[in-house]
Amino acid sequence: MLIVMRGDASQQEITGVVSRIEECGLNAHLIEGRERVIIGAVGEARPVGHDIFRIMPGVEQVMAISRPYKLASREFCPENSQFPVGGLTVGSNEIVIMAGPCSVESRSQLLEVAQAVKEAGANVLRGGAFKPRTSPYAFQGMGEAGLELLAEAREITGLPVVTEVMSPEQTPLVAKYCDILQIGARNMQNFALLHAAGASQRPVLLKRGMSATIEELLMAAEYILSHGNRRVMLCERGIRTYETATRNTTDINAIPVLKAHSHLPVFLDPSHSTGNWQYVAAVARAGIAAGADGLIIEVHANPDQALSDGAQSLKPERFAEMVSQVRMIAAAMGRNLAGQAMPVFPAVQQVALDARM
Amino acid sequence: MLIVMRGDASQQEITGVVSRIEECGLNAHLIEGRERVIIGAVGEARPVGHDIFRIMPGVEQVMAISRPYKLASREFCPENSQFPVGGLTVGSNEIVIMAGPCSVESRSQLLEVAQAVKEAGANVLRGGAFKPRTSPYAFQGMGEAGLELLAEAREITGLPVVTEVMSPEQTPLVAKYCDILQIGARNMQNFALLHAAGASQRPVLLKRGMSATIEELLMAAEYILSHGNRRVMLCERGIRTYETATRNTTDINAIPVLKAHSHLPVFLDPSHSTGNWQYVAAVARAGIAAGADGLIIEVHANPDQALSDGAQSLKPERFAEMVSQVRMIAAAMGRNLAGQAMPVFPAVQQVALDARM
Amino acid sequence: MLIVMRGDASQQEITGVVSRIEECGLNAHLIEGRERVIIGAVGEARPVGHDIFRIMPGVEQVMAISRPYKLASREFCPENSQFPVGGLTVGSNEIVIMAGPCSVESRSQLLEVAQAVKEAGANVLRGGAFKPRTSPYAFQGMGEAGLELLAEAREITGLPVVTEVMSPEQTPLVAKYCDILQIGARNMQNFALLHAAGASQRPVLLKRGMSATIEELLMAAEYILSHGNRRVMLCERGIRTYETATRNTTDINAIPVLKAHSHLPVFLDPSHSTGNWQYVAAVARAGIAAGADGLIIEVHANPDQALSDGAQSLKPERFAEMVSQVRMIAAAMGRNLAGQAMPVFPAVQQVALDARM
Amino acid sequence: MLIVMRGDASQQEITGVVSRIEECGLNAHLIEGRERVIIGAVGEARPVGHDIFRIMPGVEQVMAISRPYKLASREFCPENSQFPVGGLTVGSNEIVIMAGPCSVESRSQLLEVAQAVKEAGANVLRGGAFKPRTSPYAFQGMGEAGLELLAEAREITGLPVVTEVMSPEQTPLVAKYCDILQIGARNMQNFALLHAAGASQRPVLLKRGMSATIEELLMAAEYILSHGNRRVMLCERGIRTYETATRNTTDINAIPVLKAHSHLPVFLDPSHSTGNWQYVAAVARAGIAAGADGLIIEVHANPDQALSDGAQSLKPERFAEMVSQVRMIAAAMGRNLAGQAMPVFPAVQQVALDARM
């Protein structure tokens, strides 16, 4: 931690800060600049809040140096994390595509789309049984009946299943039925839920909050990791900005930034990050080109009949087209889609991209 | 709902939309403009999602006309809501000031500050027993022991108590000990929690999410109100923007906007909305001048020893100074602080401000 | 400047940075932390870019310590700047209200409104002769003919005049006719224009850019000040955020932040910062309560006939009401409106607020 | 235009709006909904401001239907615009890469990097002679001497040259020396400059403002196009958001959105949109995968000696690597880099992407 003193700080104020640092069991190092003194506090064995220094007389600013997350950091684990999820290896050279409807609406709706996304090349089936809805008057999901349908669809298609869990007490139930727990954007800082997901030892797809920083996303991952649950997948799903032409703004920068600062696999959800099916394929391709390890896509056989998120859902045939485009981009990156051979692409070896950046 | 067709929409596409509107039990009205056709769908008995129209061929845009919230709206209740909370009347001409430490840390810490804020003019004691913390390694609150201390402080000072509740299953416990349930910014769209708070029938202080729109805040209030719990207080606590000079950006516009669109009482939390004790008094004054019905302020006897939020906490003597400033601003608005006489201010009658705007 | 080295930086990389610091004529101070080394570069005689260090091998981050502006800073001038503008003293205990139409549209329109705002208590007449418009097809202003009308209105009413200048070559012309040059939000970083305004030696009302930070606003002021033109007024006019309920988000925090970091007078433009006449008075009151030194308000005799910004313009009678409300808030702050006696308010002396905060 | 009346609007207020519409030479169409009346104003021969309706009694909201830009819209020109620029065809299937230093610093610096970027595959040389700088104390560019060096570099390398123009009066000078005028983000709404660029008839690279919406970018393009200058290239360069992990947030959605709404070629500037050389290649690949027609990249032989933007500049060898990666992504999109053969990639024909989306 670095404590920047005001230009007019007195000697006594400087001494006060130094004493306080030492009371915290740290060592103080002074830098006397032309305009002001800066004091480094080193040896942090455990986190010390900034606030206790920020408020001391004569202090202008306190700056963190250590990253606040450990287990999620690349320094903790320099290699990309790879782990098994329902027969796949997430974080490997193989790109994973999760797809399915926003909400489970009925048996026939789910089974039809499950079969369609499988044929088009999806590796994981998504579908919501519990839905967070801005309006109390909107469809709130089928609940456990939806989970049962997801389990049935898994049996029929062989695809592992990801679904959202919305509260700690739901966690055991959801974990019973599905392969991957999704924590939605609105719950990224629902700390009780993060603890429950960590304790479940299930793989977790953790979505970035609508206005969460990249650092906060990694801190949320840290909550799960701190329970010894290492199977965390990070998911960029667009952030809220002033731009209204799309529902959210896809923060494509987040993909290389997350790959640089963390070892965890990174997914992109272009359905939510654009909010418009017309832009989903373009942004899906961009995500893979930027280095994402997978995608999660909303697909509905009849988007205009969907009970939620129809406007951003692809029809199965458009999804299939998107997959074939993504397959080409993956090949250009020297990667292939999970369960599929790489297209013939002789020049690949020459450019073999560092998967880390 | 208005459906704007593309300039090149075919007659068949227009007919398709009209049929769909009629299938939904609504009436369609066409406006044929110079460049495009617009179709009004009227007679909405129940909410119909936009998405089913947005995705239809030939449709360019769908626009909502009805506000998505009802019970929270001024149209539903043209007069300001006033209701009793622990001996006070919130939403009346009297301004309510809630104050206390960010976290309950110990018996002596809490009792000392409770006494101090009472003497300075606070009407409600705040203090956190369960703390949402970005880092899993930070102090997470005293839990039930903290609730017991709050109840003891209430007995001693006579001040009603507000504290944060973080999950549905905590709600009965928190409701047992405290007078007002606070729902924090991170949980504004934790719908399970909103339902629990609604069901509790306790007064609720609902904080705006860090990147929630004003409409989303009113939708969250609607969740609580839809349980028949009418005692909801809205609280602006700053939003996340690109500006980093302060921790958040106080959206002062939100105060007159909320007063115009809703009948619910509006509070301001300048401690979080600035994140810096130096700016708290100025922004507290601004909030009252803009028409807020109350304030919630962090106060700590020794901010530099606080386990959380020290940098934005006022010392008791600074808090007392802020209260006396706010008292003058309130008088200029023709209002007084709850439990205090208005300062002599003869010109007030002339300007008597419309409390609604 | 502080240079934070990566945790795995080699000794050679550290030495490289130290050498580079010394080549720049600065001194290097090392802090060896538990996880990484931090190097302070002190003695900055002239600004050295961060970038040259950020890109060096082994460097993780570079942090500025010195503020990038000097002349605009409170450290440079601890007292509030006060200066004469057209018979007023801006920055004093007297609050200045600038008011008038968005655009000068005709002689009768301007003279009518000028008379009305004067009677209601305005001290300066505003009106645009050159208009920045998002659309090339919108009304672009009357140009020099508008300047002539402003000069005539000044002669008739005695009010000094403020108007926007949009390019360096316009500056002498605008300076010939008006008392205060306004630099609009879109031009806050039009550096050629800032130089011209600085060279003009006219008082300047400098509006914050729509997404400018507070620091960038002060840097823009520095451009003007560096020409020896000390009469700079800063103006908060709302920033662009995700919230769409109002045209912009009034950053009320900016007022105490600017007062803390700079000695320059601070104005608020609630017409643009809300974009809706219904909210102008509430936000104007908030601005004065937060410590602003003045306001700039759009007033139009027939807002529904205005060629620009009608929706945010007050009618003269509403403006008069706003002035009387602001007068009460000012009195609660121990201040009065320029040219008006303070209302009888016996308690004022007790709370006399520090105008600096 | 659609005018939404308040739920409690009187018949007289409705009639008032209808009359006003007819006074404007438009036709009024009423939709009587369950809760409120909506009035469509059709037949807009020329733009009518919203404000005149927004402020009328009984009006709740006014909504635009027509897009405010015409010449820039896809409706105006359904095919992608293609045009010659210095021997290249911008907007074609060939991707154009502009590269070079942020600032022209010296003859040797410029010629060295010009040669290097040409060899690596760049098609256009970039370099700043006039620099917009936040600080008045920072390096402001070499001015005309820099333009002469750019012209010399063009002669030696054969690469056309793009450079920023900062004010109307500079325009003829800059147009004399360079092939493409760049309008920077800070000047996107410098309307005098847009007019001058339009009048110059030079190709223009128009950068999106730091907080400009996509619609505002298209309106700025409209200013240039309205002078009959059709050679406008749009450039996404990152927007300002709350995220601080990167200098700006690349709005990758903007690429397919711009392609959908406009016929103009779209470029991406990943150097500014990330602000960090480490992320430039990943985001450049993403841009091409999302459908961009070109890139503009900062390259410097010695970034740690650069007078500006060193931290985001690639060294020539890293730039060459980026070009070879981008070439593979372009091939996966069925496109090639201008002046280069497509790499052998047999599967391309199968996926041939619609360049428009």
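In this document, chain identifiers A, B, C and D correspond to the written order of the chains, with residue numbering beginning at 1 in each.
In this text, contacts are C-beta pairs under 8 Å (C-beta built on N, C-alpha and C of every residue); 3 or more make two chains touch, one makes a residue touch a chain.
If you're wondering where the values come from, they're calculated on a predicted model, not measured in any experiment.
Q: Hopping along touching chains only, can you work out the least number of steps from chain B to chain D?
A: Contact-graph shortest path, chain B to chain D, evaluates to 1.
Q: Report which interface contains more C-beta contacts, comparing A-B against A-D.
A: It is A-D, judged by the count of C-beta pairs in contact.
Q: Please work out the Cα centroid separation of chain A and chain D, and write it as a whole number of Å.
A: About 30 Å separates the centre of chain A from that of chain D.
Q: Express in whole angstrom the distance between the two chain centres, defined as the mean CA positions of chain A and chain C.
A: Computed value for the inter-centroid distance: 39 Å.
Q: Touching at least two other chains at once: which residues of chain D meet that condition?
A: 211, 240-242, 244
Q: Residue numbers of chain B touching chain A in their complex, please.
A: Where chain B meets chain A, its residues are 20, 46-47, 49-56, 68-69, 132-138, 140, 166-169, 186-187, 189-192, 194, 210-211, 216, 219, 222-223, 226, 240, 277, 303-311, 313.
Q: In their complex, what parts of chain D are in touch with chain A?
A: 211, 213-215, 239, 241-246, 249-257, 260, 273-274, 278-279, 281-283, 285-291, 324-325, 328-329, 331-333, 343-348, 350-351, 353, 357
Q: Spell out the part of chain D that touches chain B in their complex, as residue ranges.
A: Chain D residues touching chain B: 2, 4, 7-8, 29, 31-36, 38, 40, 42-44, 63, 65-66, 75, 211, 240-242, 244.
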